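Each structure below is given as structure tokens.
Two complexes, one shared chain (subunit A), two partners (subunit B, subunit C).
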Partner chain A sequence: MPGKVISYVLDGLSAIPAEVEVDASSGLPSFTIVGLPDAAVQESRQRVRAAIHNSGYDFPLCRITVNLAPADLRKEGPLFDLPIALSLLIATGQIRSSCQEGLVVLGELSLSGEVKTVRGILPIVRRARGAGYQRFLLPAEGAMEAALVQGSSIFPVSTLRQAVDFLRGDLVIPPLEAPDWTAYGQEPVQVSDFAEIRGQETAKRALEVAVAGNHHLIMVGSPGAGKTMLARRVVTVMPPMTFEEALEVSEVYSICGLLSKEKALLTSRPFRAPHHTSSYAGMVGGGSNPAPGELSLAHHGVLFLDEFPEFRRDVLEALRQPLEEGRVQITRAHGTAVFPAQVMMIAAMNPCPCGFRLDPRRECRCGAGEVRRYWNQVSGPIWDRFDIHLQVPPLSLEELTGDGGGEPSVAIAGRVARCRALEAERYASFGIRTNAQLGGKLLRRFCALDSSEQAFLRQAADRLQLTARSFDRTLKLARTIADLDSQERIRLEHLAEALQYRGAVDWI
Partner chain B sequence: MDLTEEKSKFALTFLAATLSIKRILDILIRADPVQVFSRARQLIGELALPEAAAQWLREPDWKKVEETIAWCRTQGVRLLWRGEAGYPLCLEHLSDPPPWLYLWGEGTLEGAALAVVGTRQPSLYGRQVAARLVAELARTGLTIVSGLARGLDAEAHRATLENGGRTWAILGSGFQRIYPPENVGLAHRLRSAGLLISEYPPPIEPAPWHFPARNRLIAALSLGVLVVEAGERSGTLLTADFALELGREVFAVPGPITSPQSVGCHRLLKQGAKLVEKAEDVLEELRLELFPLAPQTARPDLTAEEEELQQLLAAAPLSLEEIVARCPWPASKTMALLSMLEVKGVVRALPGRNYAIL
Partner chain C sequence: MSSSPSSRLSGAPGEEAALRFLLRKGYRLVERNVRSRWGEIDLVCRKGSTLVFVEVKSRRSLSAGHPLEMLTPAKQARLRRATFFYMMRSEHPKASYRIDLVAIILDREGRVQEITHLENAVEGE
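Now for the complex of A and B:
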């Protein structure tokens, strides 16, 4: 009688149950796996054979066929090792039990029979729980991830022997205690703080506005002006993630195998700073077996792109749609994978290739043509994604750091949190969460101006030659500034400040 | 072939791309425009014309010429021939007066004009001073002449437009190839308050030797040349040289002795150029004191806080960060006040988020 164990296939962030059936019948001894296995799954034959043997069980000399159903779905990775081994032992009568029914099994095997952790445990367990499965036999190393999912019984095992004994009923494994996540978010572990930055008052204010409305921001300034320093501290003023958000982020990290073993949940918002030589797949995600890119790793956090114009053009263009939709969609011949990508993008660039244009400390040696080429490397539609254009003045290191005395991040975070709450409440029934997402009708509705404000903005548009797009951006920003000020109506000073964040100041 | 006078005149202007104006004048002494093409062979021999020019005289690209004529007609571009009504007499002071000028925009080449020129890479000080002086000068009714180059030329045109003055921009290329590209928008705005002027037919690309030739026109069309900032070896100084040769006044604005952008101005001052601190210095020298200074546009109403900020900026341009550091208000409020002043036309944003009083 064939053995059958339930396991899971991960496709992007969606998980599909896969039945692992093993048939051992008489015939010429062979060991075949069918059901679109990839190379890692094919190799599991050698691991399974050695692990069974080394754990003291019999590896039968007969015709062994492993079927991974559904047969039309590609199977990847080593997570089928443990299910195949258990299924084989059931098929050969070495385990006589129906204990595996309703049990989801994942795990890689070593040759000596140890069970090793695999990627994507968290998203698999979450989806499987959603599909009604409650019991999971998982590698002990990665079991903490699964314990985050409410209402599941997790049985961690570290050897094939333990797994077999568990199924035989010889070993009772107490379900893993889920850590108490109610205290979650009470531990602000911030390594850096805005208080450490002296000066840069305008930059700090702009970042506060940016975070409050979740506006994308671009900083222009000479090397050493403190752009990276500022960007790194942005996560310290963002409101703490809700448990649900933390789970979403942790899932992405789980797929990439980046979660820590002891503390499976990411509690602080991610800050990702990919290098400007990053490839398309590294940034957006991809590969024949789609994996999340930096955009998704920065989900609910900050994606910091230093040396912005140096990024490959196609990589920058590829950011457009995900930024708009808050998710990455990777389409391959055999299907589409979707990863979340709700990020706040912070870009930084020098004012010119050498970096010292208008810097009093050093003379710029760039020609006008070079400077224009440098700026033109970023297309107009990408520029339009940035609501805030910020110029970071050159300051010496002593001016920048010194003995601090700046406002601590906690104070700023408080204001930001109040503002975000206001926005969430206002837009609850409109399918958006932040001011940055305002557009079209909603923009006109929530950024309505009184007549004197209207007159001022029209005058400003005329004198400062605002384009239609920067006009809308100004309105959105004014909304955020008014929210920070706890004002229902947008007032003159809000508009005036918003105008300071417009772009289009020529550097040539 | 039916060769009208208009067509042969337009065709002739294309010679400017390959021949110097001096040599074109040599041709025009020997033949009038309609004859030039029928006597091409003889002229080429007599004057030993270079191959490119000879080629054009033998076989002009009539299709290109006709397209140019059509484009000029639809765009309202005028071709002004030397000797026609409206050709400014002051150009005759040149040893090589342009035989023709393409004009695009409003008005004629008449009236008192002052050239305002300067480096393509000005300091913040230079930008501020240029804007301030031009604002006053433009309001007296003087036409501001410049070359539409990057930096101070563009600044001079812009300040004139903002103050409702009249301005001429002399180009080193044809109107379909306005250079530099970032000033194309400025050029088109300028057409409604003045003229774009070029010796080159619309399709001609800019070339390095066009710009010294352009500079001689800037000097010739003006009563004087005001140099705001000029580096050690600047094309701006060439314009000043032309002005001296033509007997025009040369004015220069002093700067810090440490500033590389003021080296050229200081040399001019040592050689006897008139030092300029305010518009009256120019008007006095040009005997234009009697030109009524148009009433200052009414100063906008400022709040006490805006007044305070204006005082702070009165001395020199400051960066946003410096302004915030020196003001008693939080950054958000200071930025809002700055925008108010910007919109009221009191303060201007300079590159790199620096601010100056207009």
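Now for the complex of A and C:
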């Protein structure tokens, strides 16, 4: 009788149940895996054979055929090792049980029969739970991830023997207790704080506005002005993630094998600062078996791109659509994988190749052509994605040595949280959450101006030669500034501040 | 299905030794030196309900490598083919069977120095 065990295939963030069937028949002994397996699955033959043998079971001398169904779906990775081994032991009568019915099994095997953790446990268990599966036999090492999914019974095993004994009914494994995640956000592990940065009050204010409305921001400033320091602290003023958001981010980390074994849930917003040499696949995601990139690893957090013009042009252009849609879609011949990518993008660049163009104390060595070339590396459409263009001046000596730290992150975070709550409440029935997402009709509706403000903005737009897009972005920014000010109507001072953040670096 | 010709110098004493060895281990001889157009099978034995085809490799010197290393992919393919057609023509074509290797090292006078029996040496594809 063929053995059958249910496992799962991960395709992007969607998971599809896969039946692992094993048939053992007479004939010249052989061990074949069919059902579109990749190299790692083919190699599982060696691991399964050794693990079964070294765990004290019989590896039968007969024709063994393993079928991974559905056969038209690519199977990858070592997560089928344990299901294949168990299915084989069932097929050869070494496990007599129907206990595996409705049980989802994942796990890699070592040659000695240990069960090792695999990538993507969290998304698989979440999807499988959604599809109605409740019982999971998982590697003990990665089982904590699965415990995040409510309503699931997780049975952790660390050796093949334990798994077999469990199926035979000889071993009772208590289901893993789910930790109390309702209290998960109450341990803010902030390594840095805005209070540590002296001066740069304008920049801090701009960052506060950016976070409050989730606007993308680009900083232009000389080396040493503190651009990176500022960017790193942005996550400390963002509102804590909801449990659902934390799960979404953790899923991406689970696929990349980046979750910690003990905690399994990412509780603080991610801050990703990929190097400017990053490849297309590293940034956006990709590969023949699509994997998430930095953009998805920064989901619900900050993607910081230092030395912005130095990034490869195609990489930057590839960011445009995902930033707009909040998700990355990777299309390959055999299907499409979708990863989330709702990020706040913060870019930083020098004003010129040598970096000292804005510094009154240093001489800039760059020729006009060089500077133009440097700036031209950032295309107009990409430049347009940034709602806030911020000039970060080099710190003067007084500011550096002045005593008394800045405002602590907690205080800023409080204002941001109030503002975000206001936005969320206002847009609750419109499917968006932040001012940055405003567009078209919603923009006209929620950023309506009184006549005097209207006239002011028209005049400013004329003088500054704002494009239509720039005009809209100014309005959105003004909305956020008004929200921070707890004002229903957008007033002159809000518009004036918003205009400051537009075109502040256009003179270069 | 005759016995081997005298020209195969080291094969004959090796095969004798292998057969004695297997008989002691409880195997029963079914046939020797089965030749067909698909290849040659040195020994056909039976152990329980399993038909065991045995390839015997013997060497007088290790200078060309251990006899266990002699089972080249080409030789394996020949064995698979030969045993497959043997099974097709047998009374129980669906019976379980396997291919074993017996490696023998002889000294200069043809005395057995060492015998190694490798079960299931050639797997199906």
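To be clear about the criterion, the second predicted complex is superposed on the first by the 494 of 508 C-alpha atoms of A that agree within 3 Å, B and C clash if a C-alpha of one lies under 4 Å from a C-alpha of the other, contacts with A are read in each partner's own complex, and residues count from 1 in each chain.
Methods note: a contact is a pair of C-beta atoms (placed from the backbone, for glycine too) under 8 Å apart; a residue touches a chain by one contact, two chains touch by 3 or more.
Quantities reported herein were computed from a predicted structural model and do not represent experimental measurements.
A.B. asks: Quick check for you: in the superposed arrangement, does A:A71 touch first (subunit B), second (subunit C), both or neither?
C.D. replies: Touch partners of A:A71: none, neither subunit B nor subunit C.
A.B. asks: Of subunit B and subunit C, which one touches more residues of subunit A?
C.D. replies: Residues of subunit A touched, subunit B against subunit C: more for B.
A.B. asks: Pick one for A:R63: touches subunit B only (first), subunit C only (second), both, or neither.
C.D. replies: second
A.B. asks: A:E497 in the overlay: touching subunit B, subunit C, both, or neither? Say first, second, both or neither.
C.D. replies: first
A.B. asks: Name the contact category of A:P351: first (subunit B only), second (subunit C only), both, or neither.
C.D. replies: Touch status of A:P351: first partner only.
A.B. asks: Could you look at A:L28 and tell me whether it touches subunit B, subunit C, both or neither (first, second, both, neither)?
C.D. replies: In the superposed model, A:L28 contacts subunit C only, not subunit B.
A.B. asks: Sort out for me which residues of subunit B touch subunit A in the complex.
C.D. replies: Touch list, subunit B to subunit A: 120-121, 124, 150, 180, 182, 319-322, 324-325, 330-333, 335-340, 342-343, 345, 349-354.
A.B. asks: Sort out for me which residues of subunit C touch subunit A in the complex.
C.D. replies: 50, 80, 83-84, 94-99, 119-120, 122-125
A.B. asks: Quick one: in the complex, what on subunit A touches subunit C?
C.D. replies: So the residues of subunit A in touch with subunit C come to 26-32, 61-63.
A.B. asks: Subunit B touches which residues of subunit A in the complex?
C.D. replies: 199-202, 204-205, 351, 357-358, 368, 372, 391, 393, 395, 456, 459-460, 463-464, 481, 492-497, 499-500, 505-508
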